[in-house]
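Both complexes shown next keep chain A, but they swap its partner, so chain B is in the first and chain C is in the second.
Coming up: the complex of A and B.
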């Protein structure tokens, strides 16, 4: 305790103030907004808008919006989208990392190629996907049709297939994130561990089991956690890839909040969706903080 | 376009020369007046105007228009015009919201017809005074139908009597874009069709004839996935059938939503019948937006493109159909009828165009400068230039006269716009429009995944859902 007093805690004041203004104030305002009936007529004097209690939340969960879905659906789609993406890209990213971990001729080029999908801005990826998934004339339909898998006339941008088009595009665009994290983890394993295991006569399988897996475990968990959080908040892909409003399969939480705020001018409802999203994301955020030991506090 | 061909080029040139002389004279007078000190009060000032960023096929023409307006404005006022751009409707909303909440921002805000209710509801835009209108040449110098969309009455309802003194007009219109039917004159000729369709029966028959005669070409493009076109099609057709008048999708007091009338159901069904019943629209078009539909027309894959505007001629330049583009008014008699049914309105377009509004936070000298800007954009010189560059139809009587002298082809479009009908200005419109859009999107998806088989009960349930969702906010 004595030592704690000796620390110049006051130097944290600017950072604390910044966090207060940048993070806490908007969060509190959003929560307050979600309890008001703020629409286009009351926006100008929004602090004086009628108090609505939890009605915005009740409406969002129980009444289909103008787009025909409830908040439950958006939560379901967001979970499915983020979790499935992470589940699919994790083995892909790991395999890619393993494939370029050891030195070989042209390794730099392969590593650069792997990163291409990740370096393309999301809106460009979405625009490209819109063309690739066009009914009949798109690359996907042409390939699937030529292989005899489909009749080459699948509607990917509307109807129930829209979700899968979005899912596939997200997988294509984001697997390098896991690849990068895994590669960083692999490179952080000290050479001495491999050398020692070689001296001990460890087999390849034993090296993977006793060195690589334990060493990668932490970074991989972190990568999967961050990946899930990122996908959960992806707005651009669905917004650009589909029509406006997008099909129900693309009604992710950020999309639902956006349409309530900027199409229906129902800012109270949009804030309620934002608050629900925030509460959901608090869980992985807490796990993330725990895993990076940020939640431990001063000791 | 076809009418332009029949017009004497020499006469056009002579008319153009006299208009140019007139316009130059107006410009010179304005400059001289500025030099005389009348506008010197504005010298050195800057006016910021929020408008859409030049983009798409007409980007260079739009930029040229902006530059021209800035030049004329400077000549007339001595002030500098600064354009501030938004690149999407959502950015436009964000900019307006920011200005609304903060009470500062651009001095003039441009908006399209769908935004009337929204802008009025913010309470942040001052209605123009009689003095303002007088400075612009008086209300009587404007196309009357444009006032429907420029504001609301004292009770905040959509205007049904534009001449009523109580009306609060918050915007000055600078251009209108009546919707028209773009058609491929070559295909019509090849199919032996003498004139574009005037009824929806004729449109279906023409589409079928063209498909039979011209291999690989579909009759018409539909775009149910577009963010605007589908509800506009319903809007016209519903009115032609004599259902809820378009402005009555929301009742005049803004409290009752009417999206489930038999006529509305028919309107929705007919739009998709072009594909699933008459087979004159390509099956792929179920997932098209307007850009896809326009592209199909420009590549010669479809013979007709509904809801084009006269400005579309700029977009087809350099495409395979640039010499085969014809324009006609949209059909105005519903399918299955030889004349309008009882109560039907021969609507061929809605009131559609661009307005400029001045936020309340703009006062004093700056407000006068903003009015001077309005005066610039509705001046005959600018009205002629915007038509030349972008095909935008003029809105003032002097502007119409000047443009018709250059291009008589605009006359039917001006007439169509004069009979145009507006959308509701009630704030709940922000739920109605996306609601109808969702209905059309979902029906398109349904047809695409159910073998193009129309399901009336599914369509009814969709309309019911849109009705209920909008009604909850009325």
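Coming up: the complex of A and C.
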């Protein structure tokens, strides 16, 4: 019977090692790299690269990178992109979830179509956007030109309109995230609550306020938080959608870090951008972890 | 999160059916208020129809346009001439020789498949003690699993590249471009994701089951393999698929850690997008047919397993 009392905590070893070696160690290394002057000549022996202090950070904030923008600009663009996306997709996703909450013929099919944009791999969405937003011959310019809204020569993929092409694509691709979370929230509301409120003769407004709003607000807050974190880290869309190097409107933090490292081989500068990204994300990540009440189902 | 998990745990077909059922027995006795189904509380019928139509159009038009472009000759796509009259499946057969798609597909299967299998194995082993025992640091461990999923990929790609190239230089081992680093890297996302999914499911497997096995003389590992694993098989499949799609969808790590021979489908396609035909025109038609072939399996898998999707989301699935 001793086996019943055995506690094979050792089984956690592989997962612990994996998280330690491929997540925690790299995070520490990034911080260290950001303090070194690691460029193309010192990259191979980066362990012995000269110590640079906060110079990488100072440079990143004060001097335009080879991409032509400073870190301030990338921070601004990343904030705008992630917050605006969340603000736009939240009502769309909620309305979508409400619209299929009622039972009707073909509901399964509608729900499946709703999911399609979210399930298409980001690199495919980005490649398609690249063709759809082609100047003059792409679908968007043809439609806008035909409607007389523009002259059909918008140059979506270069110059100042690039940000909005990227923004529109991200909205198209990610609203089903909010939809799915809202749907899960709606389904979690016990049927009995509606029945009880009906018996009590609650008015429509009362039922919305006391049954639906409290149940949904928790899920929605979480969904908006997660959505913001994910959009903040979206590298693939901007990387694949625009030719290299991407226009200033698409110089998000991940793009800036990537180009500094792998196109200009300034690893110190790239690491500084990565550290700034991490620091910014600490706040939402902390709120996310706090809001995850693990203990609930784990007793 | 707890709410989402709770929602998802019950959000099987039962609950979906329950949520869709708008009539309840008391409906007729209290007409003025109770006649209104819960769905009517949210949106009036006409508005929800309007929304459904608007969203269907917004989704289907771009996807349909993509399909049309994939069946249109390269030149016509580039000049914006899309017509039902010129549709052909030509691109779907010619694309394989224009871009190394078959090679990319094989590499994706090898890389994403190995990393998903390893992630599930590691996750299964971790989920057992995490659900079966209480020990110091268990909650901290679970919090860590969630926290690491918010670490952006660009923060990891730099130091991993530095470490892999250091190992390559110092120990003269071929690293960058080989399968090993990229498989290991995808486990960064695969392990927390699959552990979290498996923990959630293993909680619902009755402990009596493994205790019976232990009484019958199984070891803890034996109980996990022979008794829990078969019961968990559906969850294991879902965890495998979601971890697999991390590798299928990634561009960031694959663009740094693979070379001409090991490049994944995503990278083959990304490089293809900047090449042009002999006549100097972009090969957009073939690009779109390759894009459809890359997306179709993923969309299919997600639609089949859509009720598990929220779970993956709640546990912080990886995008970008």
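By definition in this document, the second predicted complex is superposed on the first by the 271 of 299 C-alpha atoms of A that agree within 3 Å, B and C clash if a C-alpha of one lies under 4 Å from a C-alpha of the other, contacts with A are read in each partner's own complex, and residues count from 1 in each chain.
The criterion applied here is as follows: contacts are C-beta pairs under 8 Å (C-beta built on N, C-alpha and C of every residue); 3 or more make two chains touch, one makes a residue touch a chain.
Just so we're clear, the structure is a prediction, and the values are computed from it rather than from any experiment.
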Using the overlay on chain A, decide if chain B and chain C clash or can fit next to each other.
clash
Quick check for you: in the superposed arrangement, does A:262 touch first (chain B), second (chain C), both or neither?
both
Is A:62 touching anything from chain B or chain C once the two structures are fitted on A? First, second, both or neither.
neither
Contacts for A:207 in the overlay, against chain B (first) and chain C (second): which applies, first, second, both or neither?
second
Return first, second, both or neither, reflecting whether A:136 touches chain B, chain C, both chains, or no partner chain.
both
Look at A:172 in the shared chain and tell me whether it touches chain B only, chain C only, both, or neither; answer first, second, both or neither.
second
Considering only the touch criterion stated at the top, classify A:122 as touching first (chain B), second (chain C), both, or neither.
second
For chain A, which side has the bigger count of touched residues, chain B or chain C?
C
Quick check for you: in the superposed arrangement, does A:150 touch first (chain B), second (chain C), both or neither?
neither
Contacts for A:159 in the overlay, against chain B (first) and chain C (second): which applies, first, second, both or neither?
first
Among 4-12, 220-228 or 274-282, chain C clashes with chain B only at 274-282
In the superposed arrangement, what residues of chain A touch both chain B and chain C?
43-44, 46, 134, 136-137, 243-244, 258, 262
Chain A contacts chain B in the complex at 39-41, 43-44, 46, 59, 63-68, 134-137, 153, 155, 157-162, 243-245, 247-248, 258-259, 262-266
Contact residues on chain B for chain A in the complex?
90, 93-94, 97, 100-101, 118, 121-124, 225-227, 283-284, 286-287, 289, 427, 430-431, 434-435, 437-438, 441-442, 444-446, 448-449, 462, 465-466, 468-470, 472-473
